[in-house]
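Okay, so chain A shows up in both of these, paired with chain B first and chain C after.
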Partner chain A sequence: MTASSPGAPSGTGRRLLGLLTPRPSGWQTPAATAVAVVAALALSSALITLTGGSPSASVQALFEGSMADWTAWTSTLLYTAPLLLVAVGACVSARSGSFNIGQEGQVLIGALAAAWVGLRLAINGPALLVIMLLAAALAAGAWAGLSSLMHRLRGVNVVVSTMLMTFVAQQVVAYAVNMPWLLQESRVGNAPVSPQSNPLPPSGLLGSFGEYPGLQINGGLILAVAAAVLAAVAITRTPWGFRLTMLGRNPLAAKHAGVRVNALGGLALAISGALAGLAGAVLLASPVGVNRLQPGMAMNIGWDGLLVALVARNRPLAAMPVALLFGVLRSGGGFLAATGVPSFLVDVVKALLVLAFVAPPVVVALARRRRSGGRPAGARREAAPAAEEAIA
Partner chain B sequence: MSAADDISTILSSGIRLTVPLAFAACGEYLAERAGTMNISLEAMMLGAAFGSVATASATGSATTGLVAGVLIGLLIGFVHGNLAHRLEVNTFVVGLVLNALVLGLTSYLITISSFDSHQVTQVSVPWLRDIPLIGHPLFVERWPVYLLLLIVPLTWWLVERSRWGLELRAVGEQPQAADVTGIRVNLRRRQALLWCGALAGLGGAYLAVGEVGSFNQNMTAGRGYIVIAAVIFGAWRLGRTLLGCVLFGLADAMRLALPALGLTMNSQLLVVAPYLLALVAMLVFTTRNREPKSLGQPFVRGST
Partner chain C sequence: MTTVDERARELTPPSTPALRLRGVSKRYGPVVASDNVDLDVNHGEIHGLLGENGAGKSTLMKILLGLVQRDSGTIMRGDTPVAVRDPQDAVALGIGMVHQHFSLIDALTVWENVILGDTGRIDRAAACRQVEEVSRRYGLPIDPTARVERLSAGERQRVELIKCLRRDPSVLILDEPTSVLTQAESAELFTVLRHVVRAENRAVILISHKLAEITAATDRVTVLRKGKVVFHSPTGDTTPPELARWMVGRDVSLRAEGAALGMLPVDGAAPSGDPPAQTTAESPSGAEAEAVTPAETTAEPAAGAGSGIAPALRLRDLTVVIDGVTVLSELSLDVAPGEIVGLYGVEGNGQSTLGDLLSGLVLPSSGTVELTGRPVELERPGALHRAGLGIIPEDRHSSGVVLDMSVAENLVMKSIGDVSGRGFVSRRKMHAVARRLAAEFNIVAPSLDAPVRSLSGGNQQRVVLARELSAGPSVLVAAQPTHGLDVGAIEDMYQRLRDAASEGVAVLLISTELEEVMALASRIAVICSGRITGVLPAAEATAERLGMLVGGVAA
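Entry: the complex of A and B
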């Protein structure tokens, strides 16, 4: 990553090393990002003011809904956990050069698998939860793996197929909760049945840890943080992670260096799907909530988790604070309505923030290339969805 | 109700559901031929739908609303084009962010405002409307529908017969070679996105001020993605793309009509059909070299 070390050779060698440095170092990128973030926040407050709201009251409401007391923190962390899981997966696949944008569907498939296993087995004891999480990861990993298989066998674009599979997943879940023989809730007396599953048995719910006065750390969060740390170590400190990064930067070079391109790329995509599936299981088995499989239960967690990874520039550790920020926005968004500002404002702020983090590095790199006479300044890959250089 | 009436009703609603798709599909088709897999189509349609209703309410004219919709589509195409094909931000990232931004913004704005309902006028073609079965569905429509008769041939001519279109296709297939011959690759892609934005805007605006007369939250509800599926299903040929739009429009109409007809069928299957068909089409077509070779890949001079 830090190829521009001292003692770099001159001439061609230096240029090659320059090619290996995807991220322009120096102060320009952080400075440009800071300016862009300020601009994004200014635009958001302008929007609130123009529509007759008060920016300071909105910030106050966001704070009260997400951080003011232990209850608010608990709710924030409940959102943070699945967001972080999705984001870590997105980091892994983007690093390998496969840009997975189907997390929203993979979340649902994970929840579907977890619900099916949890309701069919319904055993007592912690084994049920473990089996549910495994089932969710396996099912969603296989779901994402399908896209990889389509790419490998028939050259189908991964971005497009993961996107289309999202809509398929939504209908699969809708089908499952509409069919009594699959997962639809059982009829009690003559009460009408809704398109949702039965609630999970208590042994299938994630626990909360540390019953401090109010603050509860949900089990999903521990899972998510563990996944983030594990992914960070695997990517930056292991030969596997090196091969993964090499594959993402230059698949042809990776192939010549002996990386099993298809297997590794497919695995990365499956891992990202599996983590999104875990996020689905975490949503389903959350200590708070209805604990039923419902078609709308993904709540855009998949799309938002993807945005978290974009803001974190595909670094799992950086994804932790970003996921927390997005959790804060989600949790605080519910309080906004009380101040007369619709909670949809939060979505605008999120999108603007993502733009503010994604655009500056690219602009800085472009400006440098223009200055250096058109020579590529960043590593450009040959024929893969260039997910990473857009972000890195 | 006779069977003929049922069929006529479903046809009628199917055509009305097809028209917004067809407008946007003409745009997306052209953008994809130039090498941009434009997923901000959803944002273009949704933004235009909102803008058209807001403008129509403010000016009292649905036609002005339609124009405003086109302008908003153009604006989003302009933003996407400059971010993706000038600043070289990954085009899928740009699309995702624009979709999220427009969905959030329109949902926000519609929650705090209310608009008067305006609709463009209906045209009823004499004599032709009396044809049994297809007469009413085809010849009693809001007037923008008949713009399709102009736009479809124009899009085909632009892509297949004009010099500009030849350059577009070159840019979509072999941007490096196109660049060497002096074509400004990223400029062509930006122009293609403008065309796409204008037409997607027209489609979204038609949906709002043509069919419905008002705007509701997430009004387009994934129609942009259906259009993308239609272009893939159509193997990047205009005729088949439009056929895909008609199929998907009819499937949607069937889904809405099923309860009224007293039929029980899984609506999920009808909803999912476009996406499944697109996936199958991709599996089939990729080995037949139908896809523009550089679809979705950024162009950077000096890289291979």
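Entry: the complex of A and C
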């Protein structure tokens, strides 16, 4: 665009955001997406065949591991909950124009805070769980807020700092589970001690509705769905969401209209961190894992949740089915290994699907731009001042 | 460095022009940026190129530098026609330019910036030596190892000069070189330029709109207007008032009358009595050569149409410093209720910054803004809006509208609280407000939910105007409000501004278009280098007086 905002923090990032956020568009985008998904699936089966597997057997395995019976569904939903929490947070920050990509670390920080509260504070009854969740949200929110602070004080790029803070978070958690005075498990007799915490007390675990072998809905999923609905309402229906959207779409105009840009941008980043932290607490307290703090417990949930938001194009409600799909791929992926297909192929399939969803809108937008003569549709009338500038 | 040029220069007698342009023309669509321009630039001389915005100065220089291809005409070195197809050709011809906006990389050091673009091995010591050598030869003291980001504007200018002089150009072009310099720095620059032409017999083209600079520093002067050479003379044979008249050109009082009658200036209508190119020292039509005394022009604020009424907008000693450059310097201006004050000046003299300041995007380092007698706490977000200031920002895309939000949303952008109840935005209320405003301001949109991006420029501008006026402001600031609009939209905008003023709104019109200012304003304040150089009633504005003020004379 000829009239790009000079004061915008990162032009490229914002343009990218512009392409990735929902915008009323015609039939081209859905059509292109359908084509791309079919192509991704075709490519996936080709890959499976090439590596010596059978596509139909693979689909069968994926299905059996994720949806064939209630147990499979339960496992799928256990993965869906933290994915959705992370994705909703990513939606909020992306809507405000700051890209938080450090959820993987924020998940760990959330889990660390929850584990510390659960294991080190003498709280009884249901209050413990509530305080664990709060601590996780606060700690991870503050962790993400640090990036906002770094940006304001020293101009550090938020994308870079949130990502790099992930590696710091991993070291912090590794330290915590290696230090007996912090969170390392207690020594029992002469048995070797592992780098992990003690298991949480029963009062620190998230309960489920439903009984094995029926469908079990864990409290984490309820939390995640509530967060998604709340975020959707807040973003699309409240003055706060209006300002957030304005900030994301045009920070200068937002500032001009009286939005406290720094405060709101920092808050959005902290919220996304807090939701990632909640995801960490859910990973810790729900039966998806072993209910101990372990350095590897984030299991790429942070990165995958980010992909969920990307595919959902930063819409919290759209993130719900997408998170479910990713949950299916996760729980089915484990099963797939049994059929002889290398389990990393699931990651390849996931990547192809993400591309199939993310690429078409961008391609359509770029094609439109090219057709309108190198300028976005709205910039046509600028031809005249552009010519004037050339003379001046 | 190269000695070919040096030898060539020694062999060329000073009387032969270093550079000759014959009939150079360039069009951008319907706009003629360069119209049959003839220009001779001599060795051993500083040649001043004077003109307003859009006069075609920059285009001409871009042609010389090979950045833009001319449509027709000849460029000659001495008597030989040469091709300038790209910047490399220009360098080979010995043409070097110091651009108005520095092209230095902040994070690099001086010597790194100087050798940027060279090929071959990087030799730090040799580069530093060279920088020091050039800096000693021309008296441009600089530390080659300093980081550019730490340098003042004057020092950056020195680096640009060193970068250019190192290539030993025979023709040196400077585009508005003093726009970011202090008085002392400017003086120093001109001393260097003197040396460059006198001692080394180079040719210098100095592009400027500042009359004092042109008269003090140049040997010859050429005035461009609308792409044409309208005047050409040895500097000693002309006077600042004469140059001012040629630069502004139009018979401005006639325009003001036309505006009073409700006639709009017609774009493209050539000012009557344009003398042919290359006339020398012949007085232009109509205007008499009287000198403007400072006492006449630095009229008291609010001494014009709105005298006796307390000003609705009062700017007091506003100073803004950005990256060490003083962009606004103790700027003071009053606008009374019901009057339109035009702030006129050549682009890049601080108008944009004033607009940003009044949009709440920039904070002054000193000075105050008062609205209806009350000082505004500028650091509070939205304070100006709440205090009753509406603004049509200069670049509507950057701060006026959010292109990807709907028409309705853009219309209530600043009053989202008013269309919300119990914590939620009421779509119904928002649409009701938007429907009313769209009807009142004739906003043509596919729907109120269509993104503003899909609207034409004129309708986007109406969205901004509707939003700002709907808040019932006591002051309306319109910065370049008709930039890029078609004739119908311009007419509509003018009418809206007049209506606002007649309803008692104080209107500050910031514009670089003289026609626009003359058509609307009852008082004209002229800005040059971030200060108000004079305020005069529109009726008393002549081409000469405005030209002098725009050129920074009588400050």
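In this text, the second predicted complex is superposed on the first by the 345 of 392 C-alpha atoms of A that agree within 3 Å, B and C clash if a C-alpha of one lies under 4 Å from a C-alpha of the other, contacts with A are read in each partner's own complex, and residues count from 1 in each chain.
Keep this in mind: contacts are C-beta pairs under 8 Å (C-beta built on N, C-alpha and C of every residue); 3 or more make two chains touch, one makes a residue touch a chain.
These numbers come from a predicted model, not from an experiment.
Participant: Of the two partner chains, chain B (first) and chain C (second), which one does A:F99 touch, if any: first, second, both, or neither?
Facilitator: Touch status of A:F99: first partner only.
Participant: A:V362 in the overlay: touching chain B, chain C, both, or neither? Say first, second, both or neither.
Facilitator: first
Participant: Pick one for A:R154: touches chain B only (first), chain C only (second), both, or neither.
Facilitator: Once the two structures are laid over each other on A, A:R154 reaches chain B alone.
Participant: Pick one for A:G258: touches chain B only (first), chain C only (second), both, or neither.
Facilitator: In the superposition, A:G258 touches chain C alone.
Participant: Which partner does A:M246 reach: the first (chain B), the second (chain C), both, or neither?
Facilitator: second
Participant: Count the residues of chain A touched by chain B and by chain C, then name the partner with the higher count.
Facilitator: Touching more of chain A: B.
Participant: With both complexes superposed on chain A, which partner does A:L133 reach: first (chain B), second (chain C), both or neither?
Facilitator: Touch status of A:L133: no partner.
Participant: Please work out whether A:V86 is in contact with chain B alone, chain C alone, both, or neither, and reply first, second, both or neither.
Facilitator: neither
Participant: By the touch definition at the top of the document, which applies to A:L345: first (chain B), second (chain C), both, or neither?
Facilitator: It touches chain B, and chain C stays clear.
Participant: Show which residues of chain A both chain B and chain C reach, each in its own complex.
Facilitator: Common interface on chain A, chain B vs chain C: 376, 382-383, 385, 387, 390-391.
Participant: In the complex formed with chain A, which residues of chain B make contact?
Facilitator: 37, 39, 83, 87-90, 92-93, 96-98, 100-101, 103-105, 107-109, 111-112, 222, 225, 228-229, 232, 266, 268-269, 271-272, 275-276, 278-279, 282-283, 286-287, 295-298, 300-304
Participant: Provide the residue numbers of chain A that touch chain C in the complex, in ascending order.
Facilitator: Answer in residue numbers: 1, 3-7, 18, 21, 23-24, 237-239, 241-243, 245-246, 249-250, 252-261, 376-378, 381-385, 387-388, 390-392.
Participant: What does chain A use to touch chain B in their complex?
Facilitator: 47, 51-52, 99, 101, 150, 154-157, 159-161, 163-165, 167-168, 171-172, 174-175, 178, 303, 306-307, 310, 340, 342, 344-348, 350-352, 354-355, 358-359, 362-363, 366, 374-376, 380, 382-383, 385-387, 389-391
Participant: Which residues, counting only chain C, touch chain A once they are in their complex?
Facilitator: 28-29, 31, 33, 53-56, 58-59, 68, 227, 347, 359-361, 381-383, 385-386, 391, 393, 395, 397-405, 409, 413-414, 416-417, 420, 423-425, 450-458, 483-484
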